[in-house]
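Please go over the structures that come below.
Each of the next two complexes has chain A plus one other chain: chain B in the first, chain C in the second.
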Partner chain A sequence: MLRQNRQVYLGVDVGSVSTNVAVIDADTTEVVHKLYLRTQGQPIKTIQQGMVQLQAAGEWDIKGVGTTGSARQLAGVMLGSDVIKNEITAHAVAATHEIPSVRTILEIGGQDSKIMILQDGVVTDFAMNTVCAAGTGSFLDQQAARLNIPIAEFGDIALKSENPVRIAGRCTVFAESDMIHKQQLGHSLADILAGLCRAMVRNYINNIGKGKSIGGPVVFQGGVAANLGMRRAFSDALDLEIHVPEHFNVMGAIGAALLSREFIIRGNETKFLGFAVTDSTYTTVGLECQECSNHCEVVNILRDSEAIAVWGCRCGKFNLKREVTSHIAI
Partner chain B sequence: MRIGIPRALYYYNYSPFWIRFWETLGCEVVLSSESSKSIMDWGVAHAVDGTCLPVKVYYGHVYDLVTKNVDYIFVPQLISVWKKEYICPKFMGLPDMVRWNIPNAPPILAPVIDGRKSGYQIFCAYIDLGRKFAPLYKVLQAYRNGLQAQHQFEESLAQGVPLPTLLQGEKCQASNTPRLKLGLLGHEYLIYDKMISMGVFHYLQAHNCQVLTSEQIKTSIIFQHSSKLPKRMFWTSGRQILGAAGHLCNQVDGLISLVAFGCGTDSLTTDLVQRYSRRQDIPHLLLSLDEHTGEAGLITRLEAFIDMLERRILSEIDSSAHGE
Partner chain C sequence: MKLTVPHMGNSYIALEALLLEMGHEVVVPPASTKKTLNLGTKYSPESACLPLKINIGNFLEAIELGAEGIIMAGGSGPCRFGYYAQVQREILKDLGHEAEVIVLEPPNENFAQLRLQIQRLFALKGMRSFWRGLQLAWEKIQAVEELESVAHYTRPREIVTGNTSHLLANSLAQLRKASSVLDIRRTLQINRDAMLEMAINETKPLRIGIVGEIYTVLEPFVNLDLEERLGHLGVEVNRTVNLVEWIRDHLVLSSLRLYKNDHLRKLAHGYLRGFVGGHGLESVAHTVMLAQQKFDGVIHILPFTCMPEIVAQSVLRHVSADYHIPILSLVVDEHTGETGFQTRLEAFVDLIGQKTEASLNVEAK
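Moving on, here comes the complex of A and B:
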């Protein structure tokens, strides 16, 4: 699969739960390599690890880099990325690339869920879950762990259900007590899991999809799209065919790579720093500034003791000046 | 005499009147500091549960004034400022909530502002209040001067001067060649409190967007649109937001609603605003704010919204260039 020095674009999506890397061919935009790593609360380490694995996987001629996800700024300064974009745009770009006529994108990740409504390839409406993380991947993860089944088998078991039970899906805490109740009444595991999938889909459609006109083609992506039970629950509830892209779990990264390709083709130079990121040591220094009553939590990112970025400061006094290259005493 | 005015809630609407009124009476006006983390924390810890964040922050501002050694704190009991309309009931209860929940507070000055029937009651309330501090002729003069300042303020707003520039002398640089025209709907005390709104207004301006807000729209235009409703909107702020939404729908690329979590009037108006925007095919973004709202989530949504609008405009240009 891997040729020598293949010309590629790199996309990195650093989310709260997983860090995804996608490498796409510079000409065909075909996905030539992908990585799916657990972030485990250490984005810097995970990004470095991803780059090590990527380097080991082949010889790449990287033409451009895009980053997305909640740690997109951090990944951006570490890698020297050309495009730093929010995950909504990145996901939409990737899905329209896969199915150009897509009308609805359902995206459920570890901590967030989104819906995007498109018209002629352009997002015309979107919604994200607000403060509450109920009905996202980590909830399924937790429940699978509680029932002592590997998350990978969750969907297959749910598919076997013939008579899914009804579970309250509005709140995770209620869902859990409902599930325990049903389980103690003797309902089968398959029925409970399928009921859980239905509850999550109901919650998603009533909450995130409230008032949105969901039309086909529908693309379902994000880590939770791996779950066959969730796929079936969505197609039952919407009465539409659900497309799951081949690389459903790294769509954000693919979108970021596509965006960087767009950016470079427009005639821009790449700022990619190379695989140097794997040799450098990155540290962060945090402080709570006491100068005013805002008590900003300022974070300073250092590469081998050189400050490369500062954020979290409201007044801007810590903001990095371009010419400053040595230590910043904070 | 030092009179403290909390820099919160209706400060953003009526402070020009209040400040000029007290100054004409010969009092020194002390404003609380701008909202900060410590003001918010204090307010959240002491306020009644179940109130919205701006009311909680108001407590923090009153406390800030307590520490500034003022002689009186001005907390008007706002019931109605417009004929047959009301202000949120929490404003009605403010003086009492403040009196009983904030220890060591100096005396509270709480004139009852109730213009349901006519503006005369409001006039009387201020005259009665002023008579405690100065002779009648002086109070009448203060009231007149206050009104003048208020008219000037509203006039400048209608001409497009941003509210932060008028109230705090802040520079708000609007771009000459904005890439997007956005309507930002919400109570002034949400939009312009940089702590509560996490600087949404300034963020949009810094990202080269022209921001249109409801207080810049003439009252006659607001009424023209709000009167289309089958039933009267009797909350003044709700009427303002709905009228503005109706007016802005035809002229912006997108609408943003900024609401406080748990706000009663907003829960009604936001739904109507959503319907308006859907009818006009204008994208609408709802941002709901609470004390634990993360800045990152807010920025992601704004960023995505701006991206979406830009790509939408670009694709429209594309399709028309291909001779649609």
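Moving on, here comes the complex of A and C:
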């Protein structure tokens, strides 16, 4: 029996906390499948797992692959991706695809948060958290665990609040002690959670959004956008309607898929290596080269026992032939 | 006395030549590495800016190699740098090192003291070798910066990634060995030609100007090889801060009371009235200049807690809005992560690329 496989593009976003996979239809760009996995510090294993799950989910004819996120290079060499793009650009591409007139993108992920300001579909300014992970998904996760509530219910509970308490939001360590203090005073869980959302939004607007003119339409995406309490805190603080895309938690992956589609449509051939990635064993070998004063931290990526990429080496001594990775650092 | 100097970009090539010519033994500290950073942060006050810490690292590594005297610049003004040499002397003393810190204050501060210090330095071979040393150093620093600017041109155009950096490193090593003015000029010419003859793409790269605090702009270990990264992303870099100009304006002309910052004040008019310490005024003025020259974007780099550049940073936002020029401020310290740094650079290059493309499309219509 011959059945036409669905023609799709694949986007993979390997971040610090989650690894997201999006499959988009080659013609309509509609999202036909998505995966949201926890990276748990093991990007290689997670990428392989994602591919196993993807293979089990349907019959795909993958026409191109894009990777993004902090492990974009690693995912790129493992999968043979056509486009390796930073997450800021990938997120902006996905958001403008959804709402072409978008002016502000708020993105809060596991360990980083970003803001992007756009004009006529082009990013004109962006910022990313620099010295501190305060106000990211990891902190909400931690606090939910401490209060013994599933993270999925966090937002719903916060929405019930009528009197959000004021919580110090500049630093998450102090936010936590302030929260404990408010608990001891007897404030309700809902008020504390809503207060926490407000503190995080205040922190975000003051640090990430500092000096930027935030105008509508506003798109809120990243894992934290699932939190209804955070959505409400943003719309209260900005006095603007907040759009949350249907696939808010895999927008980076969608952006990467869209970029690979554009790349292939422009007449390039895909370098996708197929689902073989699931059968191979990947290992990394790291060393600090002592040859010169640079003391490069060189990482060698091996598929089974064959070297497929080297990075971190500045002089090119370790580089594979025709591999242009000398400047890429992880 | 074996002398050493702190690293700041490739300035050691010129300083070494000067001191050697004056008859001293010179210990150039090993190029700054993670070890330097670790040593520096371990023994420096946490709240001091990154330059102080890297200096300390350089000094300790040089002492390990036998350095007995450290030459460090002084200064005055709102920037904390002017006091760093004194703090560093205390730190080294507390660590039990005997090395002497010789502080050279700017000539217009305390000329008598400077003369004393310098007299000690050229006591060995006298005035004539001092002048010859200065001449060699001046030729070398000019040659270094010319080669660097050739690299800024070829890097985004090179066909084999890394060729430019390779050639540049080789030419700098040759330049370091050159021992006469003629030799320096010949080395410069040969290497410049070799770099320009390298196979290059006939592309029109994006152009980004770099402004900011002089040490972070010049020292590749501290700015995580900013110029090289940008070049490899296909960007032609224009570094607005360089040593040749700095020496001419701030050491020579300023001590003859001939230096005026009128041209900078004119450029920064409406944004900043005058000197705010360090290179704050330069950062604003040069950004305006780059905008007027239709650069595609500006990168502003500063060490964490750098006061003059924080003033500039808040002003630059207005320059960006008025001239529609994208500006990215990068703050570096010992906690700077390479991944986040690279991500920002890539996103910034995408941003200006898309902007340029969009404006070309509008023009085409």
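Assorted remarks:
We adopt the following convention: the second predicted complex is superposed on the first by the 315 of 330 C-alpha atoms of A that agree within 3 Å, B and C clash if a C-alpha of one lies under 4 Å from a C-alpha of the other, contacts with A are read in each partner's own complex, and residues count from 1 in each chain.
Here is the rule we go by: contacts are C-beta pairs under 8 Å (C-beta built on N, C-alpha and C of every residue); 3 or more make two chains touch, one makes a residue touch a chain.
Quick caveat, the model's predicted, so the values are computed rather than measured.
Set side by side, chain B and chain C differ in how many residues of chain A they touch, and the one touching more is C. In the overlay built on the shared chain, the residue A:315 is in contact with chain C alone; chain B does not reach it.
In the superposed model, A:100 makes contact with neither chain B nor chain C.
Applying the stated contact rule after C-alpha superposition, one finds that A:286 touches neither chain B nor chain C.
When the shared chain is aligned, chain B and chain C each come close enough to touch A:88. Contact with both chain B and chain C is seen for A:124 once the two complexes are overlaid on the shared chain.
In the superposition on chain A, contact of A:274 is made with neither chain B nor chain C.
Chain A uses residues 70, 85-89, 120-126, 128, 130-131, 211, 293-295 to touch chain B in one structure and chain C in the other. In the complex of the two chains, the chain A residues touching chain B come out as 70, 85-89, 92, 120-126, 128, 130-131, 211, 292-295.
Listed in rising order, the residues of chain B touching chain A in the complex are 33, 36-39, 195, 274, 278, 281, 283-284, 288, 290, 292-293, 296-297, 300-301, 303-305, 307-308, 311-312, 315, 319. The part of chain C that touches chain A in the complex is made up of residues 30-31, 33-35, 161-162, 165-166, 225, 228-229, 232, 304, 314, 317, 326, 331, 335, 338-340, 342-344, 346-348, 350-351, 354-355, 358. Touching chain C in their complex are the following residues of chain A: 70, 85-89, 112, 120-126, 128, 130-131, 211, 293-295, 314-316, 324, 326-330.
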